[in-house]
Amino acid sequence: MFFASDNSGPVHPKIMARMAKGNEGYAPSYGNDSTMDEVRRALRSTFEAPQAAVYLVATGTAANVLALACYCQPWQTIFCAKTAHIEEDECNGPEFYTGGAKLSLIDTDDKMTPEGLQAAIERLSKGDVHASQAGPVSITQATERGSVHSLAELHALTAVAKKHDVPVHLDGARFANAMVALGCSAAEMTWKAGVDVVSFGGTKNGCMGVEAVVFFDPSKAWEFELRRKRGAHLFSKHRYLSAQMAGYLEDGLWIEMATKANANAGYLAEGLRSASVTFLHEPQANMIFASFPRRVHHKLQEAGARYNLWHGTLEGDPNEAVGARLVCDWSIGKEQIDAFLDHF
Amino acid sequence: MFFASDNSGPVHPKIMARMAKGNEGYAPSYGNDSTMDEVRRALRSTFEAPQAAVYLVATGTAANVLALACYCQPWQTIFCAKTAHIEEDECNGPEFYTGGAKLSLIDTDDKMTPEGLQAAIERLSKGDVHASQAGPVSITQATERGSVHSLAELHALTAVAKKHDVPVHLDGARFANAMVALGCSAAEMTWKAGVDVVSFGGTKNGCMGVEAVVFFDPSKAWEFELRRKRGAHLFSKHRYLSAQMAGYLEDGLWIEMATKANANAGYLAEGLRSASVTFLHEPQANMIFASFPRRVHHKLQEAGARYNLWHGTLEGDPNEAVGARLVCDWSIGKEQIDAFLDHF
Amino acid sequence: MFFASDNSGPVHPKIMARMAKGNEGYAPSYGNDSTMDEVRRALRSTFEAPQAAVYLVATGTAANVLALACYCQPWQTIFCAKTAHIEEDECNGPEFYTGGAKLSLIDTDDKMTPEGLQAAIERLSKGDVHASQAGPVSITQATERGSVHSLAELHALTAVAKKHDVPVHLDGARFANAMVALGCSAAEMTWKAGVDVVSFGGTKNGCMGVEAVVFFDPSKAWEFELRRKRGAHLFSKHRYLSAQMAGYLEDGLWIEMATKANANAGYLAEGLRSASVTFLHEPQANMIFASFPRRVHHKLQEAGARYNLWHGTLEGDPNEAVGARLVCDWSIGKEQIDAFLDHF
Amino acid sequence: MFFASDNSGPVHPKIMARMAKGNEGYAPSYGNDSTMDEVRRALRSTFEAPQAAVYLVATGTAANVLALACYCQPWQTIFCAKTAHIEEDECNGPEFYTGGAKLSLIDTDDKMTPEGLQAAIERLSKGDVHASQAGPVSITQATERGSVHSLAELHALTAVAKKHDVPVHLDGARFANAMVALGCSAAEMTWKAGVDVVSFGGTKNGCMGVEAVVFFDPSKAWEFELRRKRGAHLFSKHRYLSAQMAGYLEDGLWIEMATKANANAGYLAEGLRSASVTFLHEPQANMIFASFPRRVHHKLQEAGARYNLWHGTLEGDPNEAVGARLVCDWSIGKEQIDAFLDHF
């Protein structure tokens, strides 16, 4: 009953096998391995973007901060939801990598609205040297609250960005879960929807530690390479990053895993719904934010269930509802979910 | 005949196996995995430093820049050899992570001398607000030119640092190779010799991508954790870093591999010496800087040998001597070395 | 009719005279002038803080960002009102000088509330490496909306800070106006109210360009000196900064000017109140935020009045109310105010 | 007998008068004062550069670091003489303002040579992501050792820069002294010699605290304005910077003062030469580096002479020669110099 995070489960055996295969013999270092050539081709094909510049790093935060730094001057501000990973979970990493840019938070408990974004951008009087200047918009897809922007919602947000001539970054730590939920293509969810650069996550979806940064505008390529090296994120034994991403993309494994993860979450949500549990956010991908009585939490904890409480504690009135964040990855089995639901 | 770098060969099978074992089931993320507890114990024991604060990152540059940043204010300067990795190979990473500190280069083609270090520190008038302030000394062991500071040399350098009340960092990307060459203990080469923090390399010596940062003064622990996260170097699936380091330390595998690598380099050096090749630096660990006629380079290249030229090109007088950097890792076989030597 | 800003009027003649006097002969540079000794004594006496470390810079932004940088690590966040100068008017200066810290905005149209501050600090789970860490609180006194925290309000805010063990900065660009409004002493409005460091403004209150930074904890002194030099804010011909501040403090000139400025604003406010003008904020110091019909704006503009519109434009329904920011300095005469009021 | 520095003497009375005149009435802030329009015209005319972007700041370090930051990415390195002010006297200010760029020092005791510069640039293999990338060249004119690059020397240095496609900054803290020494025009010493941006000093040459930054390529204008504001160097009461620069340029006052300062130094040098004093550098502008017996130093110190010792102390053999740095500004009178020389 491990629902703590999608970074707690094992790496998919096929990816482990691909890394073992990649371990044979000698290989040029620092991204000059031949597997990276494969990965580049595969990602360009996946995104239908033959000119895209494609890079690998090992953490989601690295992907986000390096991508954003290429699009943000130190005197600018990044527009994002108050709940974005770059605001809440990166310990000022974006501020560090941009050299002191600001984050302008759109006040929302989940998705940014185009109106909120527009107001935030317009609050900064263009041309006023005293204020932060408008920088990139960063959209999280799927969001940190487990919901998914529809393609129409993405288009509406990027339209505001384009109107104000600022670039768009997509934080796709859970890219695959969102894409599977929408049933669209990688291109439709990115450049066709107005996205300039995407952090394409692998780690949370069955890899060991690999994220691609895909620039649809390849003019940022060299700057990214310099920023990656200077940030200490260029791997000497890069072939193991390449092998992970190669295995991830091969035969649609990434889609298979995300489909599995989403289905797990769907099955869990259905069970919770039957038990009259309240949802704090409508679950759309592989995360569930639910609220149920403290006594049920007590039973679950005793039974060894692992998940995060959400704005609450175990102490207090047993009948009071307390929130929980439940995350499913590809590896969770139905029996675990059933065992969990048995306590409701 | 692959002598290009010690980051080009395969990961040791025992480490691959340890990672596969570490892949079972669920594990807490971000360094809270139980394997990290093992690693912490093992490193403290290895360094005979029960209070040491111990962390893992994935690249040598990350280990260096994060360790140095904990000991260097933005208005200070780091003293190091002109040939140091932090000066030549990290694309201003130390300047980035320290928030704009300077590097003061000791003018040497290899090891710093205590006199050179002393002069550099004294050049900065203490208390003069206009100048850079004296910050940490960073010593590379083994050096980037393949030589090894004796314990006496280390003590002499750190004595200068202590005299001026500045801390000492050891860049140990090739720590094991140096230690094996000296036949000393890890403690003797670090805190017993006046070192405050060490980048303890695994990647170049048979791991996939893992370096430990060991602080003998644990008061820097929390600052390091914040800097690591903010630098995007905290792994969510940290257990795979832990597994690498656990496998590396288990049963002295790290010493076994460094012994093998040094022996390979020794065997190669002996062969070259017999062929009357000139050494640009006296080889002491697993790297050889040798100079031999361009026509021999031609033969080697045709035969598929892989190594870096050192301040020279393949074009020109065939009898003119041109330098080569030859690096051996644990995986190189005698037959490869013999095949290489056959061309002399 | 010049109400655009308190940085638009002339320097007080006594300060000009003090600078002329300071121009005689030779003087040591970089703050070693003897006038600075006088200033140090005078400020320590003014603040009843014999141990205070006292420095001069030339801009209010420099005072704020240098003071804050001494109390804020790059992985921390500064708590301030959404309307603070450091958030709205310094083009990411605080982020630059702190090396990438964040600003956490208390959502208010004017003063922070203790509850808002408390909630903002508590939102950051202490000890969570993923989040920004709690850094200093910065209070603006008088606020950017022309109101003044009572001593009780200051105490309530600093009590929250002390409870969470974070330092307190006071942005006193309009320190004198606030102090005069409260009728208290400089000590009561700072260290006696729990303030650790203050930006003590001179520029807006009749000086040419000088602000003092006063650290009640002198242990920050040397760090400040290094940050000031590195930030390019150490004046070689420092004696002219000293002369300004000396003249400012002499015979209570600073209090005299602030009293005059506040009285001017009071007189203007009274006149506007008689004309049934609405105030957007209750005027307490030398700034007035008032709202009146567009047709009155039209008349004023034609007559050459200078002030800033506040969230509005001159185009539109002549009877619609539009905001104005009106600032008075010491130099404004009654006749100017009367001339202005004549249009209502 | 005040030869300590050209920042120790008084501001020229005409500049004081210009500031007093500028103090009348109200003026728009932040550089929008009408005097700045005059200054802009005057500087463009002085430099024969009608398109130049022209800005004022208050310190020489601010001029240097802001100008350089506009031409240097954080992963680049600035090429300069080992003796440059930006290296020796700005407490890592350039590293701070560039976001962590490096300084690559040309090893010289005074002027850079084209050969030294060329070697330094070529040492950085273009396109190697591990190394610092080549950034701007910064030339100090007059140098920190009191000598002056001839126009031919400037052309030779900028030719190397152009060949490697890197921009050129001129640190002209003593611009006027150098220009007068060469007898050339401001244009000849800057853009006609291949300079892209110049720090045009006023402070050391009779102003209170003002330096112009002149970009011959106006495309950097907006970036500079943002960097200046973010660096806290935009003056609200900007009219007093404008007034200084206006007075400085009016009727060639700046040339008159530099001519006077150089003549003073020439007269002093002549006197010293007659007394068989050794020069450490051939004096060409307003600074003299001379070496004479310690007993003469003793006499001078007793007589109240003020100057800096140069690599030496007052203790030791009275007949041993010890260096002195002697700086003349416009205000030094012949009688002071004669009084000084009397001790030889």
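Here the chain labels run A, B, C and D in written order, and each chain numbers its own residues starting at 1.
FYI, contacts are C-beta pairs under 8 Å (C-beta built on N, C-alpha and C of every residue); 3 or more make two chains touch, one makes a residue touch a chain.
Source: prediction; values computed, not measured.
**Q** Report the chain whose mean Cα position is at the greatest distance from that of chain C.
**A** Ranked by distance of C-alpha centres from chain C, the top chain is B.
**Q** Between A-B and A-D, which chain pair is linked by more C-beta pairs in contact?
**A** A-B
**Q** With chain centres taken as the means of their Cα atoms, state the distance from chain A to chain C in Å.
**A** The answer is 42 Å.
**Q** Where the CA atoms of chain A average out and where those of chain B average out, how many Å apart are those spots?
**A** 34
**Q** Quick one: report the Å distance separating chain A from chain D, using the average Cα coordinate of each chain.
**A** Chain A and chain D have C-alpha centres separated by 51 Å.
**Q** At which residue positions does chain A touch at least two other chains?
**A** 74-75, 90-92, 96, 99-100, 129-130, 133, 226, 229-230, 234
**Q** Show me the residue ranges of chain B that touch chain C in the complex, using the header's touch definition.
**A** Its residues touching chain C are 30, 73-75, 99-100, 129-130, 133, 225-227, 229-230, 234.
**Q** If you look only at chain D, which of its residues touch chain C in the complex?
**A** 2, 4-5, 7-11, 16, 19-20, 23-29, 57-62, 64-66, 90-93, 96-97, 203-204, 208-209, 226, 229-237, 240, 306
**Q** Which bits of chain A are touching chain C when the two form their complex?
**A** The contact residues of chain A facing chain C are 74-77, 88-92, 95-96, 98-103, 129-133.
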